[in-house]
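Both of the next two complexes hold chain A, though its partner changes from chain B to chain C.
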Partner chain A sequence: MQSNKKTGIHLNPVKLQIFLVLLLAGVSTAALMAGQLRIHPYEVIRILLSGVFPIEKTWSPTLESVLFDVRLPRLLAGLLVGAGLSVSGAAFQGLFRNPLVSPHILGVSAGAGLGAALAILFFGKIFMVQLFSFLFGLLAVLMTYSLSRVYRTTPVLMLVLSGMIVGALFSAATSLLKYIADPVNQMPSIVFWMLGSLNNASNKDMIIAGPVMLAGIIILLLIRWRINLLAMGEEEARSLGIDTGRIRAVIIVCATVISASAVSISGIIGWIGLVIPHIGRILVGPDNKKLLPVTTLIGAIYLVVVDTIARTAIESEIPIGILTAIVGAPIFAYLLRKNRSGW
Partner chain B sequence: MKSKTALYIIAFVFLLPIFGEHVAAESQAVRMITDMAGRQIKVPDPLTRVALFGGPTGQIAYILGARNQLCAVTSTLRGSDLVLAFDPSIQKLPAPRSTSGHVNIEELLAADPQLVIAGTFDGTIVEKKTRIPVAYTESNMNHGLDLLKREMRFYADVFQKQARAEKYIAYLEKTISFVRSRTKNIPQSERKTLFNGYGPNHLVTLGGDTFMHERIETAGCIDAAAAISSAGVKEGLHSGLTEMSMEKILGWNPDILVIDSGNPVEVYKDPKWQSIKAVQNKRVYKQPVGVFIWDRPTAEAAVLYPLWLAKTAYPERFKDVNLVKEVQRFYREIMGFNLTRELAEAVLAGKLGIRFVGNSGRK
Partner chain C sequence: MQNGLRIEGLSFSYSGDPGDAVFREVNLSVEHGSIFCLLGPNGTGKSTLLKCISGLLHPGQGRVLVHGNDISLLRAADLAQELGYVPQSQVSAFPFLVEDIVVMGRAPHLSVFESPKPRDVQIAYDSMETVGVVSLAKRPCTTLSGGEWQLTLIARALAQEPRIMVLDEPTSHLDMGNQMKILHVVQGLAERGLAIIMASHFPDHAFLVASQTAILNNGRIVQQGLPEDVITDNNMRNTYGVDIKVLYIGEGINRKACFPSLRNKPQPSTD
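Right, the complex of A and B next:
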């Protein structure tokens, strides 16, 4: 007992996971029922069921559109982006053996930001913005990865350094674009995009990006025990006959694809990938086998809750990137005070 | 002996600026102007080198016929397709102010203005760093017609073009009262609800506390975003704009949607917009662009936007109004631009643009 207290709460992971799944289901249902338009919860259920069962349509097509074209894709986007960013954050923190690492460490968000700004400047279409942010996110990480290989002693340190270099370069290019962008329409669009929002999530996005993100999340969850081996340190892991380079590559590819897709759907949402893994660690300890599933669930719950606030609290949208920090920081501070997180 | 020489030199150096100022004051007459913040400013008379900083107000130079009195303008004016079509020499003027808060002081000094006319934010920067007198304008997003008229008269006072300002104001009042006379009798049940959906996602809008509300009401439409307030200044964003959630717009179900990016066909194809009346009835319109985009509190849009919107929303009530001819007439009579038919059509179709060469420096 005494030792547990020092390193967090360490709840029974099975019970905790069941609780979190139930909470996730509850939160998702509530998110579908809440919104700018008041729709009776019973009506919401009937409309949703009409998608599967033949139920006579007594409601207006607007309500159907609200649920199927707005709330449902937005819920799915919230679940996937929240889960994806959190699990990649946890995997990266394990990989880099550093608690201050977030999925954006290798420059994916800086790259995506530049891609989005370019697309806003030259095309002004949502689809191109998403495509460009995804491709530039991948490009930035690719550059980071190739840069880190020029000097092969401590690959992890080189990756972080290269990430900083590439990130700085891409951010500066984005600032330059903002500076020369038309201050009337394009600049606000870039700023809105940088603040992050799930307002643009559509069914088409979920059909294209959803499976990709889901696959990334599942792979990370499947290889979670190998991340523990990496946490022992490069030499020890290698001495056990483990190909650390390959595991590292798999983690980086998965986390990059997840965060690039997330950024392309929602803009830059910070904080989640950094902090949700810590909250998970407070609850179940640093063992990645337990940590990753719990982190995935908490991330999904957290983003759905925050997005529901973002779209219902006031009449216009609150940029979610602002809210994730405003809501998350006090929670995190409270948990830190209450329990010392084992790292 | 040596110390005496030094004393003379010091005295000379200290007295020099006093002589300098004296000479300048003698050679040039001055007069007082009152800026929109109510401050008295001493400016040389006549004013021949004025720097304009305000975003959309550059067109005042043409409305008042004061183009030759300008020595620096904004990049938005310099990049305007419509201005370039009639006054390509505008490109030779420097644009020291790029966006709000970014002023290239050296470029401003090189332009050697006698007076800078700017909003509070940019004006403070100029006052802090230079000795050029600054006249403050009052421009905000709940810029109604009264403020516009006050602004016009203030500029007229600066450039001493009172007659031209009154000509514009008369044109404005005549057009607004014409539109109102046709729209005031529209029964509430027949009034069309309008939503201005800007940005690539068509979800960014101007709230009911902005100048846009007055224009929408003049045109006899119902402002979907009437209850939204967005006039406050937001860091990094153009004040007056705010993003709405898609659901809100589905709930408002506007009859008319005005967009500024993309084109109506894309909106017609987007599944999210299908249940909206404006999409079902194919009433999505791209906003016109003249010297500047028409969703800003500019002099041209104050006249033409309500007329355009009224005719677009209620074509049957404005059968006798030919928008192409109205656009041609406004720019000819007020700004001295003789638009061809094609150019006037391009204005109405929103095909013209504002080209941004870069924020500063000559092309």
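Right, the complex of A and C next:
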């Protein structure tokens, strides 16, 4: 019977969100425990609470330093980058009416890549690398947006094409820099940076970028129902009284600030922004009112898990951009096989 | 009595140059409780005219008055509370459920940060009830037939709680049964007091439901008035370029209908 044709699972979103929040708490605790220096979960919670409450310190200062200066900022970075890239991806997929879109479509990562390569070549300081990748990420998207405004008839299509043009330009410039870079030191650090890692996440990063990313995520979550209307197409959305130009600009600004910040902290991490929204859609359906919160949570959980594997699986660190795909591809293939999500 | 919808001296061209206007000097009005049927050959600008009326395109000259207010002075959300636009069917990129789509009609009543409340969902369900698609509420829109999709879009426009509805060829690509289903729904909306303007390929549809009709051809309204006066052998031949006989049918049907013939008989020009 036709009425049984259902796409996706359409789980109860409230129950699912409670489950995901609990899972996130569990995964985060595990991430703080795991590493070369193993910390007991009870100890983890006590040390964390000692930051707020006066608790007698029965642990070594090394332990506290590892937790507060290394693992905690790295955990927060993982949470924010994972959540931010996923929610931006979902918002962009609605905006561009295309489930194959990732947050990088407007050239933010190509721009950030060039910025990072420039900084590695000329300054070599990690702070400058982060600053330059952030600024060049913004610059690339700004160029894409301005270029798309030349033709005013089909704004969404023009944005995609402009993104391709700007992306190609910045990538070519990055390749040129790689070609002239010193092959012993600079070249490997450019390549490693492009593969992505949360290794450099510090408390300072979190204090600067954290609030910005959080604000972007919250704004996208607040306007999430309107993304449904945009997904029906420019004209239909306008006929329903939506100022499509303004809401499109808001989404682009939020997603760009989030992904430029993410790239500046962690390098280029692909795959998450593309695939996590699909996993969310399989679980709760395409309605962005339910999809965006679920996608945000799954993205955070996923990146924390993958990053914990990246830093604990073998002696040295595995670049996270490689792992997100190696871990994610089979999961995604399995889910696709089990459920037609019907997009 | 105040008209629901009034169009005065409307002209539009994509280039902004009045020389290549899609249509010019269009005047018409639609009262509450009645259906205005816009006829004309393909590509003559019916859709463009309806988009101007709905505020999606901005006319070069003239104005559109909704309950006496010039729509160029209204906020988009305010206009969408007065006027519902039903586009020609198209596909959705995502498999939204029918209820998700219908509740989108509540958008002009909600602020940017709001999502639909239970009251909005109730209104959406009432609209689906009126149009007769409640049974489809939980179906993904990608599995709908053409007729079901069109009814869903009408339900969405109805959820806007407008007093005017604009439908762009709501019966195109539908079989005869679905065409009549749509017309029946549209007639029901007019009986509830909505002012309705719709474009159609089929002159017969004007005889079936319209109280006023107009022919748009070569950028001008050729004639407007009662369907019986407007839809004549002569007007039909000039509009569609083939011989069409308009005959009165008794036999329990009791209306006029159009009968096109396959070839043009040689006939003196009737410019």
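Observations, loosely collected:
Quick note on the criterion: the second predicted complex is superposed on the first by the 337 of 343 C-alpha atoms of A that agree within 3 Å, B and C clash if a C-alpha of one lies under 4 Å from a C-alpha of the other, contacts with A are read in each partner's own complex, and residues count from 1 in each chain.
Simple rule for what comes next: a contact is a pair of C-beta atoms (placed from the backbone, for glycine too) under 8 Å apart; a residue touches a chain by one contact, two chains touch by 3 or more.
Predicted, not measured: the structure shown is a model, and the values here were computed from it.
Taken together through their common chain A, the two structures put chain B and chain C side by side without a clash. Of the two partner chains placed by superposition, only chain C is touched by A:G285; chain B is not.
In the superposed model, A:P61 makes contact with chain B only, not with chain C.
Geometry note, superposition on chain A: angle between chain B and chain C about the Cα centre of chain A is 140 degrees, to the nearest 10.
By the document's definition of touching, of the two partners only chain B reaches A:R71; chain C does not. Of the two partner chains placed by the overlay, only chain C lies in contact with A:L229; chain B stays clear of it. With both structures placed on the common chain, the touch criterion links A:V191 to chain B but leaves chain C unconnected. Minimum Cα separation between chain B and chain C in the superposed model: 39 Å. Annotation: chain A has no residue touching chain B in one complex and chain C in the other.
For chain A in complex with chain B, the residues that touch the partner chain are 35-37, 60-62, 64-66, 69-71, 120, 124-126, 129, 179-185, 187-189, 191-192, 197, 199-200, 202-204, 311, 315-317, 319.
Remark: chain B residues 55, 76, 98-100, 102, 198-201, 203-204, 207, 227-228, 230, 236-238, 241-248, 250-251, 253, 260-262, 266, 270-272, 274-275, 292-293, 296, 354, 356, 358-359 touch chain A in the complex.
For chain C in complex with chain A, the touching residues are 51, 54-56, 75-81, 84-85, 87, 90, 92-97, 100-101, 104-105, 107-108, 110, 112-116, 135, 138-140, 142-143, 160. On chain A, the positions that touch chain C within their shared complex are 2-3, 5-8, 94, 97-99, 222-226, 228-229, 231-233, 235-236, 238-243, 247, 281, 285-287, 289, 341-343.
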